[in-house]
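Chain nomenclature is as follows: A, B, C and D, assigned in order of appearance, with residue numbering initiated at 1 for each chain independently.
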Amino acid sequence: MTLTLTGRYYRMYPSFDNPLGHAEEELELDPARTGFLIVDAYGRGFDDEEEHPGLAGIYAPDPVVKEIVREHIVPAREAARQAGLPVVYLTNHLSPGLTERTEWRNLSMRTCDVDVLDAWREPNDILAFSKVIAPGDGEPLIRKQMYSGFYETTLDSTLRARDIRDLVVVGFDSRICLGNTVTEAMYRGYRVVVLRDCVRTFEYPETREGELANLLAIRYIESNVGYTATSAQFAAACARLAGG
Amino acid sequence: MTLTLTGRYYRMYPSFDNPLGHAEEELELDPARTGFLIVDAYGRGFDDEEEHPGLAGIYAPDPVVKEIVREHIVPAREAARQAGLPVVYLTNHLSPGLTERTEWRNLSMRTCDVDVLDAWREPNDILAFSKVIAPGDGEPLIRKQMYSGFYETTLDSTLRARDIRDLVVVGFDSRICLGNTVTEAMYRGYRVVVLRDCVRTFEYPETREGELANLLAIRYIESNVGYTATSAQFAAACARLAGG
Amino acid sequence: MTLTLTGRYYRMYPSFDNPLGHAEEELELDPARTGFLIVDAYGRGFDDEEEHPGLAGIYAPDPVVKEIVREHIVPAREAARQAGLPVVYLTNHLSPGLTERTEWRNLSMRTCDVDVLDAWREPNDILAFSKVIAPGDGEPLIRKQMYSGFYETTLDSTLRARDIRDLVVVGFDSRICLGNTVTEAMYRGYRVVVLRDCVRTFEYPETREGELANLLAIRYIESNVGYTATSAQFAAACARLAGG
Amino acid sequence: MTLTLTGRYYRMYPSFDNPLGHAEEELELDPARTGFLIVDAYGRGFDDEEEHPGLAGIYAPDPVVKEIVREHIVPAREAARQAGLPVVYLTNHLSPGLTERTEWRNLSMRTCDVDVLDAWREPNDILAFSKVIAPGDGEPLIRKQMYSGFYETTLDSTLRARDIRDLVVVGFDSRICLGNTVTEAMYRGYRVVVLRDCVRTFEYPETREGELANLLAIRYIESNVGYTATSAQFAAACARLAGG
């Protein structure tokens, strides 16, 4: 049995000045070799009616992100579970070797006003999972320090141990952690399908109109990494598989 | 002696809705531990008065890129050489293990209409260097297959063998190969300064006005990777070093 | 159809003082997911009746190694080819980024009296292939600098692009380059079978009697990495596959 | 100030049949760029007068190993601390992505009669630290799954964040986890000095006389990786530094 999903990509030819643009392809995913990867859906604030005073500044809860988690990612995860796909989570943590000389830590201080050596000490509300999206029993959670889930982590061996070749990916944010993770997944031969209603990045003043930062993050994936589809398409594909 | 360079970065705090924006910092680079990295400045077409019928479609010579190479990158490289910084080149090649099953090869077919198994066989005009920017004697050229210069290459050991800690980076394109390479450089503890007039990416129809794809590629570096400066600032810093 | 091969391993339990020792297991290899890997079978001197004045000192031709190449490795490779297994070669080269500060280069000077910055400049008789074992058309040759074939090379993507899961391995030497390569193959989930009559390492004065260095190199593989078999067993397995 | 240490290595030239053998070199280590790495000194049983019924079979406490930890490694660590060298620990753990298909897990079952999916679930006496050698406050502990401390771990970024270039290494066992870790350290440009009285491996029946497995593990390091010295030499070097 095959998971049949319409993947969208972007044609940059015949020239960058005049690209053909979007096209679609019927993808056939082998459910025995397909994984469902959730990137950085961490943080309190996705459950109902709780207060999280530790979440402020760039970590302040965003109602749009909350809706994406609850209304798009959680149903997609449920579909993946029903189809028997392994669900794997990536999350950030404070790695034991980090120091005041670590370039990424210094970058975070100057661009985010966050000293991860303090703010990311566990437990904290920033990195804790909300109940609604917390990993289930037996679902591996891979801790990373940098943007890519493949850098100095066990993600690749986790996927290999399940013989995974195709990856359906959701999470945050589309430009940074998810974007860099799927790029490196493609390097390693994984065929990637990002559910494009299950991702988001922040917008700069110059890009807010038209939400161009997120549009470009998705476009980059469609041009340079793999495919996109919607969570509804994915859920329907999983349902067909179960019904087949 | 120190190479003193004003680096620009971008402050995303206090909140994504209301970011403080650009700021500058005086960087002190140790010339004995700084390298000059040129990413993917390959391709015939940057020299004068030659015809290159093999360069068409997405590889067609672009006068803006040609000007960046000749008027910005080449002078910056000359400044780096005068200051005694090691110059390292990254380039693409057709790696021996690539097959018709390689995901990146299939991606290139559908999004670029290029089968690298044919088009990248050497020699070809796509990957050959123009004389103006070809590596000099003793300047290492590192071949890569994927976007990042760190994936399955000797780049990291090349930099370590020179005890390099800071990297001044130029080349193409700002979003894909250069962008992914500097991201991974930061993971590995390199402090990155991209010369922002020495980079470029292609624009989509939605981003052409305002050249927002390139703006965002630079903004991403300033927010999430390191610093930017201009080639004029870098050349002046190198001149001060020589004069000091 | 399945490639059926008897693999030998070593049981260290119930205790290191009293190990159970060797045991065998019938391995079923899927020919569509099995590769044949030849490690460092480079060097002139394996062909007939040629003189190679460039091969001296630690590179002096060794008649036992020559016999292993010609009488064991070449027939095993022929069996692999007949069975349709992809044949992949690893070899050493002088990588472009190496400097006088590279630790491995300095190690080679003090322990081998070889400055690879000179001795390994190509062309040379040390790293050239003898005709009898040179890669055939379309058989990928992966260049490495360090002992392991996985360090800063395209070996892993070469194997992934062929969907390889099991590896039959031959070459030199059992302790260093082959030993470190198969160790790292196991990390990455490859099931390894080394053909133990197709490997060898040099002996120290303390180990010459009983050829204990090679015995231990094979024992390490059988205890800590994977399986061993003989080239005759492998050839018979391939013949059964062809005959099946 | 410099840490001055006599390093021993092994000369394999002019030929493997007639090697010159051991030689020594005065090493000058910069204390600001030198780290002290303890590999796999885990396990209950190194403290006094405790019972550890969970330690049996291949994990049974070994009085020789206990003495090495208490009388050689602990004093060397104290000297390193006095000299201000960062102390970094490697240890094994059960990584979240491991499955019944993981090749290393299956290997452990057949060669060690240990199913790590059960035996390594924490807490357990196998992987817990004895008090005498447990990491001190602020000393990073890096968890690994495979033999090498560099595979899918944060070891390299931990060392880079401290600008470490030279590594003094102790622990277990000399052939497998320590041996593979120092091999990969050398690849990455670290100059390695193993304290040879602070390491050990198990012996096979064929190697017990003369403890040839451990001799060869040390010889491999001296021939192919770096240097060795004794813990007494290292402690004296540290004392000279403090006294200088």
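Throughout what follows, a contact is a pair of C-beta atoms (placed from the backbone, for glycine too) under 8 Å apart; a residue touches a chain by one contact, two chains touch by 3 or more.
Please read all numbers here as calculations on a predicted model, not as lab measurements.
Engineer: Over half of the interface residue numbers used by both chain A and chain C, so same, or under half, so different?
Structural biologist: Chain A vs chain C: same; shared/all numbers exceeds half.
Engineer: Which pair wins on C-beta contacts, C-D or B-C?
Structural biologist: C-D
Engineer: Report the inter-centroid distance (CA atoms only) between chain C and chain D in whole Å.
Structural biologist: Whole-Å distance between the two chain centres: 27.
Engineer: What is the distance in Å between the mean C-alpha positions of chain A and chain C?
Structural biologist: 40
Engineer: Nearest whole angstrom, what separates the Cα centre of chain B from the Cα centre of chain C?
Structural biologist: 37
Engineer: Provide the list of chain D residues touching at least two other chains, using ranges where the numbers run on.
Structural biologist: In chain D, the residues touching two or more other chains are 102, 152, 156-157, 161, 163, 187, 189.
Engineer: Which stretch or stretches of chain B touch chain A in the complex?
Structural biologist: My answer: residues 9-16, 19, 21, 23, 25, 57-58, 60, 102-104, 107, 110-114, 146-148, 151-152, 175-176, 180, 183-184, 186-187, 189-191, 202-207, 210, 212-213, 215-216, 219-220, 222-226.
Engineer: Which residues, counting only chain D, touch chain B once they are in their complex?
Structural biologist: Of all residues in chain D, those touching chain B are 156-157, 160-161, 163, 165, 187-189.
Engineer: Which of the residues in chain A come into contact with chain D in the complex?
Structural biologist: 88, 95-99, 101-102, 140-142, 145, 152-159, 161-163
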